[in-house]
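One chain, subunit A, links the two complexes that follow: it is found with subunit B in the first and with subunit C in the second.
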Partner chain A sequence: MSTLNPPLVADARQAEPRPGPGARPRRRRWRTTLTGYLFIAPGIAGFLLLVLYPAITSLYHSFTKWNGLTPAIWNGLDNYVYMFTKDPVFWPSLGATAYYVLLTVPASMVAGLLLALLVNRGLRGVRVFRTIFYLPVVLPAVAVLTLWKYIYEPTYGLANEVLHLLHLPTSMWLGDAHVAMPAVVIVNIWGVGGTMIIFLAGLQSVPQELYEAAMLDGAGAVRRFIRITLPMMGPILVLQLVLQLNGAFQTFTQVAVLTKGGPGTATNLLMYKIYNDGFADFISAPQLGYATAEVWVLFVIIMVVTAVLLRVSTRYTYEGDAA
Partner chain B sequence: MKRRTLALVATVAAAGLTLVGCSSTSGQTDSSKGASVSYMTWESTDTNAALDATFKKFTKSDDITMTRQDAPNTDYAQKLASLLLAKKAPDFFWCSTTQEQNLAAEGLLFDWTSYLKDKSKGLDKSSFAPGALDLFTSTDGKIYGIPTLANTYGVFYNAAVFKSAGVPLPTQDWTYDEMLADAKAVTGAAGTQGPGLVTQWPLLESPLGLSAYSVANGGKPLLDKDLGAKKVTASPQLISGAEKYAAAVKAGYLTGPTFDSTNSVAVFSNGGTGMMFGGQWLAQLIKPTGAGFDWGFAPWPAGTKENVQPIEANGVCSPASLKNPDATYKAIAYMEATGFNDVMAKVPVAPIAYTPGSVGYFKNLQSQGGALGTIAATAKFELAAKNKFVTQMLDPWATKAGDVVTASWNPALSGTADVSSGISKTVKGIQSLIDSQH
Partner chain C sequence: MSAIVARPRPLSSQVPLALSRVAWYALCVLLAISMLLPLVWMVSISLKSNGDIQQLPPSFFPKEFDWQNYVIGPAKINFFRLLLNTAIVTLLSTIGSVVSSMIVAYGLSRISFPGRKLWFGIIAFSIFVPPVIGLIPLQQLYINLGLIDTFVPLILPAFLASPIFVYLARQYFLSIPRYIDESAMLDGASHWRIFTRIMVPLTRPAWITIAILAFQFSWNDYLNPLIYLQSSDNFTLAIGMASFIGDHAGDSAYNYYMATNLLYMLPPLALFFLAQRYFMEGLGALGTTGK
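This part shows the complex of A and B:
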């Protein structure tokens, strides 16, 4: 690579007109720059209008009492003070969110990796299994979650019917404050096909000669997995971990359909609380200013967790041969 | 000559003034003629079609064109908010009591007080069900919404399950203790599974539901006032009622306040439970599927001292920027007194708070008799009751109070936390929200 590029660059330089007297070359360069800017202008405009402007205005609104119908009234830190000191649901919601993240992220990572290892084997009909495992990802979430709700129905649901047939104790599932969150996580694990596909791509990019060399040295399957597969998959694992964490902190649909945040506050994830505070009954007593403040707190939490994760992961991740 | 000229001028001026007066009067009368009024509802397709049909008749007789703006049922409030923000809200729209109170407090609604005072404009204030107009009256005494569809709450019962349990059917004067005893007796009867009393609507075990229990048994209501409340009190009667409910939940014959009610109607309609608490509108869902057994609808139970029944009405509101109030009020008055009779005769969803408009609803149900006859009887009984309780907290702090209920009240009533301490925390939490408003 290093031997090919210099002549090409040199050729390109030779093709450029020599700087002569007058403004022509400068104008040409300016025109080239302008063309470049024009090409990226839609992207920049989109970022400014649809990301930066809403972000700045939302930061402003987080310091206001605002119902979305009448002008916002500046109330300083009131929203944040109420959130941290008086809101009876904020801390339970944050606790529920942390519990959910701690349950669902490792479970999804492990399940995704195990499935990827399984479907990475050159078995007959493996493509059918890959399709089956990936299927939940392409199914409409609300429809699938509604079916899960029927499965978890305590009196007539499939889950308890099966447990009953096996003479095992049945459960209230989504109606039990202790079981509801693990039940939601089970649904998440069922839809782990997306993670599996990414891990599968990672597994297939690991050079086979490394495994062959290790086998010649007498390394067993477990040692090969620990010493070769995991380090080689490092960047993909980190990427997936970051994506999973971001997704988990922002989970909404699962609890909106399955539990409505209950029983009590057992599954009242922060994202669901934000929706309820801001939009649940938009006209009765909307608290858009307060909900925006909650969004900023969630944003900061996600930023800090992601930054820590990336910082820590660089120490342990194999990034390829630097030379 | 001078006199003659003066007399002539005076005569011409008088004639001119008379003409101007006449034209102005006729202008007022005609301001609604040929006008066009838009409206928006959250009703079902069937109810909307029935409304469209009755308004066609109105257009023919009153020369006011009616246009219905489509709106989704679930995200109705968000659509309405967008329309209000864009100043494109229809001339009148469906609104709940809390929506009316909050929008009025923000100065976004048209004040109908003067129109309602004048009987000749089409509506007679005294013909509204007791308490209905109070729900739409703000703290300054002004009325920014006109009540329309009233809701009644009670217990749907499966007669076969009651028979199998050897329990007499509920009557109009049944009590809380009888309701809980029946729930216990019918649990598991006739092959049913789960609690004998399933809730479809979270009112029975809510703070306001227990407030009604307290008043009915000689205690104080939870809030000193339905609107503009300043003091929250948990009487011993309220605590005693909550303890009874919590015990029933724990014993498994009543579902708790956080029960997921999605399948309640399906369970009741398929004979899966003996009793279901909910609103009269559920009859429309039970009717097509629940033909396999006898069922009925009993009113909200009475206490040892009083019979306190729920009052809940939705209504119609208009934006503050309403352009033609005369034509709009004419359309609303027609809908209340005549239109709803046509609509509810076809789709009997709810009785009408303006009693002359309820004839169609009751006629329809009574003509079908049986279970629907009990719906009519209970609705009539509850609407006519003198002692009533409001089913929703109406003040601006209500949403935050919902968080207090979630965190403290619901665990107590579900049997997962101490009842007295849960109620005490709820009272303190709501009181602090009220205090922070003043």
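This part shows the complex of A and C:
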């Protein structure tokens, strides 16, 4: 809580030399301060319990041998050395994670933007289409995933049925190491309606006058999109990109339900590996210290990517009226 | 924030998609069909008899409707017990999310006190902190407190004001004119009174949006229940549904599974059709708060 003190102290000193009736206003000030802190207390507690405490303890535990039952034993960099040099699954898992992120994030950003542009029109029935495109987002992830698990079933599944109908070659889908990851991403694309709605709100917040002025100047549709829509949407696109990357790096449910990380290590995302190292093998081989080290690697990757993106974006996007 | 109310624009030239009316409808209908196809197929499977789902080549529609699947399927995973668990967790989490984030957002936007900017910065920063960091430390903490296999780890965090909800609510509070609380202040109203009597009714769209997002998160959550719940009587539906296929192996269970799956989807679907406006506009508002 030491972070809380300096501004309080500084403020009290400033108030000191001011003339006037000292006691009452100052007491009222303290009352207001107290009220303020009471109001934000849940947020402070949340930060301390859900962010600060885990960050500090897990950093420590990542340098220990720890099974959760007996006290953790300091073993320096052993976890990290093992991870980078000996663990046969770590590099494939990191590779699978990178592949997944690079596949799913651009795909859903582009698909979401195209879909938003499509439904940003005043034609009759547009609301119905928006609702239909959004519908899969409402459904619970586990329900969606097990539905798709059956869709991808090679013999009875809908996917091969459709391919067959179109006279296209069928696939083993989740059973094929090359197809499994794109198949997972297709399920994500089915739920792109969420991104669509966010981008649609962004498109509709662009002032209409800008387009009118540009049209008077004879700017074509593509030019208007590149010169007006994209820059005005800049902050929204960047925020969405950051949040989606954040989520993609921590994807767990998709592969836990669809593929169990297979075939082989094809879809063994880092998050799924962390779960297996830390929880699934809990009885036989508890390795919480090691799993925590993996968490920190993933954590640092996400924070670096986020920081770089936010830094780069503040330089290149249009800064509207600050919120 | 004005973007919370997404106004439909008149047919305008702002979109550079040079699609004719006919092409636009054709494309939309095609996309809509492919979006809906998996759901229609699911309903069809859920009605097929045991013999029917083994048939090769598979037929798209069931030969006869086997409504029994909607009884046998749910019984296999103790559906109604899990439904009750999920409802308890979701209801309490939703209440917690709304109450805590609204209170914190009020404090951060309507009360001026030293340190406010700092704490807002910390909370806004927390939006970007990946939750994976809490995975192992929090599970250990709850084990040590004897709270594992209870609903507490699933509900407690909701009462601690999720940063993204605080941000959303704060944006909404900032759009309310200052003079409203100032005049109430002059009349001697306390902050708590202003919050409950004036602000809560004025910010209805904000907390309905938060409630819907919190409901969705809680109802859909898989990883947290998986880590914190152990006995099958305490499972939520997400866990029960995921274990369905593992426990009852063989393709013959899929008609039961799809029937149960449909029941699991019904509450969020019903809520969506009741409060569609808030679902879609709320998400839009959340996405544009970065502006």
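Following the convention adopted for this analysis, the second predicted complex is superposed on the first by the 290 of 323 C-alpha atoms of A that agree within 3 Å, B and C clash if a C-alpha of one lies under 4 Å from a C-alpha of the other, contacts with A are read in each partner's own complex, and residues count from 1 in each chain.
By definition in this document, a residue touches a chain if its C-beta (ideal position, glycine included) is under 8 Å from a C-beta of that chain, and two chains touch if they have at least 3 such contacts.
Quick caveat, the model's predicted, so the values are computed rather than measured.
Asker: Tell me the contact category for A:V184 with respect to subunit B and subunit C: first, second, both or neither.
Answerer: Neither subunit B nor subunit C is touched by A:V184.
Asker: Does the superposition put A:V297 against subunit B (first), subunit C (second), both, or neither?
Answerer: neither
Asker: Taking the superposition as given, does A:G43 touch the first partner, subunit B, the second, subunit C, both, or neither?
Answerer: second
Asker: Looking at subunit A, which partner touches more of its residues: subunit C or subunit B?
Answerer: C
Asker: Taking the superposition as given, does A:A96 touch the first partner, subunit B, the second, subunit C, both, or neither?
Answerer: In the superposition, A:A96 contacts neither subunit B nor subunit C.
Asker: Kindly classify A:A248 by the partners it touches after superposition: subunit B alone (first), subunit C alone (second), both, or neither?
Answerer: Once the two structures are laid over each other on A, A:A248 reaches no partner at all.
Asker: After superposition on the shared chain, which partner residues are touched by A:K149: those of subunit B (first), subunit C (second), both, or neither?
Answerer: both
Asker: In the overlay, answer first, second, both or neither for which of subunit B and subunit C A:D87 touches.
Answerer: So A:D87 only meets subunit B here.
Asker: So, A:L113: does it touch subunit B (first), subunit C (second), both, or neither?
Answerer: In the superposition, A:L113 contacts neither subunit B nor subunit C.
Asker: Based on the superposed arrangement, let me know which partner A:T265 touches: subunit B (first), subunit C (second), both, or neither?
Answerer: It touches subunit B, and subunit C stays clear.
Asker: Common interface residues of subunit A with subunit B and subunit C?
Answerer: Comparing the two interfaces on subunit A, one with subunit B and one with subunit C, the shared residues are 68, 149, 153, 155-156, 279.
Asker: Residues of subunit A touching subunit C in their complex?
Answerer: Spelled out, the residues of subunit A in touch with subunit C are 3-4, 7-8, 10-11, 32-33, 35-40, 42-47, 49-51, 53-55, 57-58, 61, 68, 115, 117-123, 125-127, 129-136, 138-143, 146-151, 153, 155-156, 158, 161-162, 164, 190, 194, 197-206, 208, 211, 215, 220-222, 224-225, 229, 235-236, 238-240, 242, 246, 249-250, 252-253, 256-257, 271, 274-275, 278-279, 288, 291-292, 295, 298-299, 302-303, 306, 320, 323.
Asker: For subunit C, which residues are in contact with subunit A within the complex?
Answerer: Residue list for subunit C touching subunit A: 2-3, 6-18, 21, 24-25, 27-28, 31-32, 35-39, 41-42, 45, 53-54, 56-58, 60, 100, 103-104, 106-108, 111-116, 118-119, 122-123, 126, 128-141, 143, 157, 159-163, 166, 171, 174, 190-191, 195, 216, 219-220, 222-223, 226-227, 237-238, 241-242, 244-245, 251, 254, 257-258, 261, 264-265, 268-269, 272, 276, 279-281, 283-291.
Asker: In their shared complex, at which residues does subunit B touch subunit A?
Answerer: Residues in contact with subunit A: 77-78, 80-81, 84-85, 95-96, 98-99, 102-103, 106-108, 193-194, 256, 258-260, 262-263, 267, 272, 396-400, 403-404, 406-408, 410-411, 414, 416, 429, 432.
Asker: Considering the complex alone, what residue numbers of subunit A touch subunit B?
Answerer: Residue list for subunit A touching subunit B: 67-70, 86-89, 92, 149, 153-156, 174-175, 177, 259-265, 268, 277, 279-287.
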